[in-house]
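A, B and C are the chain letters, set down in written order, and residue numbers restart from 1 in every chain.
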Amino acid sequence: MLIYIARRLALLVPVLLGVTLVTFALTRIIPGNPIDQLVSPLASPEQRQELIKQHGLDKPFYDQYVVYVKDLAHGDLGTSFTTSEPVLKDLSSRFTATFELTLYAMVVAVLVGVPLGIASAVWRNSWVDHVSRVLAVTGIALPVFWTSLTLLYLLFFRLHVLPAPYGRIDPRVTPPPTWTGLLTIDSLASGHWAALRSSVEALILPVAVLAFAVMAPIARITRSGMLEALESDYVRAARSLGLSLQTVVLRHGLRNAVLPLITMIAVVYGYLLGGVVLVEQIFAWPGLGRYVFTAITSSDYPAVQGFILYATTIYVLLFLLVDVLYLVIDPRIRRGARAA
Amino acid sequence: MSAIAAGAARGRSGLAEHAVRVWRWARRNPVTAFGFVIIFGLIAIALLAPVIAPYGSYELNPSDILAPPSLHHVFGTGNFGEDIFSRVLFGARYDLAIGFGAVAIGLLVGCTLGALAGFLRDPVDEVTMRVMDMIAAFPGFILAMGIAGALGPSFVNLIIAISLVNVPIYARLMRQQFLVVRDSQYAMAAVGVGAPPARILRWHLLPNTWGPIFVQATLQFGYAILDAAGLSFIGLGVRLPAPEWGVMVSLGVQRIVSGEWWVSFFPGLAIAIAVMGFNLIGDGLRDLLDPRRK
Amino acid sequence: MTTAPLLQVRRLCTEFVTPSARLPVLDNVEFDVNEGEILGIVGESGSGKTVTALSVTKLLPAAGRVVGGEVLFRGRNLLALSDRQMNKIRGEQISMVFQNPRASLNPLLPVGVTLEQVLRAHRGLHGEEARRISFELLADVGLPDPARVLRRYPHELSGGMCQRMMIALALASGPSLLIADEPTTALDVTIQFQIISLLKRLREEHGLTLILITHNLGVVAELCDRVIVMYAGSIVEEGPALEIFDRPRHPYTLGLLASRPRVGPNGSLAGIPGQVPDLRDRPPACPFHPRCKYEQDVCHEQAPVLEQASPGHRVSCHFWREIV
């Protein structure tokens, strides 16, 4: 079985190489001289010429790509124009902020979406089903940046129930000592109640907006997975044995429906990674999204490219995790893996 | 309703009969019908914008900056006194055009690639699908960001970026349909009778593949609008002063904290309505084509 | 014996509801099952045998609906019970075994887990005691090495073992009635024999009442006390097994018996011309008339009813007296 996982990891390499190739190709299709991406527009012609040679931009495409990959292997994603720091360092330091946001959004989406999907399937065509389907369609259709702005206006400006969008925590509150990087966990662990309260308040709106957007596909896939499971022979047999509805739905139905759900969670995380670019700016959230938003508006190419690579790598690794989970849950795949 | 029924009763076939059938279908599928109403409405707005908009989309009224919704300005005015209602109406042209362009190009390119892969098998199949996998390895919006950022923000580049990101979806779908149908009995029978490949393609393979692809295209139309608006919102799409809905929302970001909610609200609402319309149609079509219904 | 029958089905009517139509599947099905007997229900695919079983146990798929009649089990009308009440009956009083045994087991769970769930739900057993009873149950159905089998997943067991497991599960809570829907159809011939022997033995040892649904007349001859012949959603003939085989009265039954392949020099296979009708195109009045060689005008005008041909033997045909 470990061999199976190792093989899956090995298959990752060509995928990641492919990703780097596409990202690299993107840098080369920018109209104009590629040197402009690596050099601040304020450099003099001599400096440019020097840097062209230095960066090997006079070499053919393939050679440049090899250099690019070598740099990546050493963790060199270039240097940001705006921060003058290595891009990788910029990204890593902002990662936990985005992670906290996306993690909670995912958790909420699953906690709300899965029961909705189950209810939809078990009480098909009832009012529960219709309501959840309406919610699902609305969730997908509303643009996250618009929902953020509208709710911010209503709940902060108008009703004053939520704080101003100052970021992860009220600037007047002392942040907790860093342990995991997740403010909520860190505050809880160190007993900084004011920090806990403030960080939770700050999370409510962005998490709600993101969760609502991705709740729909989760509910949908749960519903369809459950419907299929509930119409299956083994569920019919379980019912014929007089097992309770709860046992049948949860231990037999849901267990089988969870497989496509896991894949959907990975796919949906991709939406979230894109969504944070839109949402973090609005909430002044100091994460990857705001970083790349600023990078885009100031033409900080290395930062943008670095972000694309970083986010996509996370996305690809997530699918690896999905594969491993499938192995854990489905004994038929385990058997295939063992035989391999 | 009675006029139509009476017309049908009088034996006038054609249009009247057709209308009655459509009405009956709409009553059985109210949700999907509602989706169609929305989309036809938007198309009508896009076409009739110059006629029905009270102001021009670039018309500025410096004396009336940031006015809340009123009788004069149904959706209020923006930072430069522009009438938001008119701009939202004109915006329909941009967003529908972008959606259409993105889907059309994605479909054409994707389906062609998928068909070639399915028809010609290896090595074309293997290579094409590996390339598709490479593109699909990226989260959609992020890749579109990369492409749009690399090409530079513009209307055309936006369409290119979004369509490229969606090519793998159509390619995979088309290829899968092709593989299923290609090995089916009636296709084999056609080959057995000596029908030329082009004919097989046209009469046997294509008619059966269009269904799921059409459903997907309808849904993708909505998502394309969503992506276009998102990209324009961060400055990688259509730029000012064009009245595209996403860009219009971005104009209102700073205005939220000062209470001028209408600047972002109405364009964003337009986006939501458009996407919802396409989703309802797409879902309805999917249910309609579901073989389990038959 | 004058005790009331264990199961009494009266005027059972079932429909399938599709978005475009309501299709009748069972037309006034009526029969009794006496305690301790083995009743066979035979017919071709599409005759309504499985639907009858699913209607009785209220396990119809989403599109199915019982629209009329009564199902009296020990005097209680099952159709009038709530889901919770019915769930109490399933497993403890009435159990089912299905056609495709491996598909009837949850692919993601070891088979022992499902057995644990059943024992806990109906007999309140846990831990060591549950394990002990599990071993007994498996021994009862002829599964060796119970500790190993209980740990296995369905895809790791053979078809025959899966079916034995299903029977063990079905009998775990001590039901009085077992409905077996084509229990051997998906299995190899040699395994079929084993399963049938098992059912026979279980009937003798536990006093089980059995409804056996099958299209295999050989199995019926081997095992059943009484037989019901179904066609297109109606019962066409009913009686003691020996009599049905010896002196069939309905043209369809005649056709079925005649179409059995016979070993010997006698030549051709006889079949029944035509096909079982589609649910949407059920023939009016007697459903068999399009394929019947004794068909006359009255057959498609007036539906025949079940009449008594001899004690315990009923047949639904206008001309059963004339048929030899």
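Definition applied: a contact is a pair of C-beta atoms (placed from the backbone, for glycine too) under 8 Å apart; a residue touches a chain by one contact, two chains touch by 3 or more.
It should be emphasised that the depicted structure is a prediction, and the values quoted were computed from it without experimental measurement.
K.L.:
Does A-C or A-B have more contacting C-beta pairs?
P.N.:
Taking the two pairs in turn, the one with more contacts turns out to be A-B.
K.L.:
Taking each chain's centre as the mean of its Cα atoms, which chain lies farthest from subunit B?
P.N.:
Comparing chain centres, C lies farthest from subunit B.
K.L.:
What is the distance in Å between the mean C-alpha positions of subunit A and subunit C?
P.N.:
Subunit A and subunit C have C-alpha centres separated by 53 Å.
K.L.:
What is the distance in Å between the mean C-alpha positions of subunit A and subunit B?
P.N.:
25
K.L.:
Across the complex, what residues on subunit A touch subunit B?
P.N.:
15, 18-19, 21-23, 26-27, 29-31, 137-138, 140-147, 149-150, 152-153, 157, 164-165, 270-271, 273-275, 277-278, 281-282, 292-293, 296-297, 301, 304-305, 307-308, 311-312, 315-316
K.L.:
Would you pull the subunit C residues touching subunit A in the complex into a rising list?
P.N.:
Spelled out, the residues of subunit C in touch with subunit A are 57, 59, 61-62, 83, 87-92, 95-96, 98, 100, 103-109, 114, 117-118, 121-122, 153, 155-156, 166, 169-170, 172-173.
K.L.:
Can you name the residues of subunit A that touch subunit C in the complex?
P.N.:
So the residues of subunit A touching subunit C come out as 124, 231-234, 236-245, 247, 251-252, 255-256, 329-332, 335.
K.L.:
Which residues, counting only subunit B, touch subunit A once they are in their complex?
P.N.:
Within the complex, subunit B contacts subunit A at residues 130, 133-135, 137-143, 145-147, 149-152, 222, 226, 229-230, 233-236, 246, 249-250, 252-253, 256-257, 259, 261, 264-265, 268-269, 271-273, 275-276, 279-280, 283.
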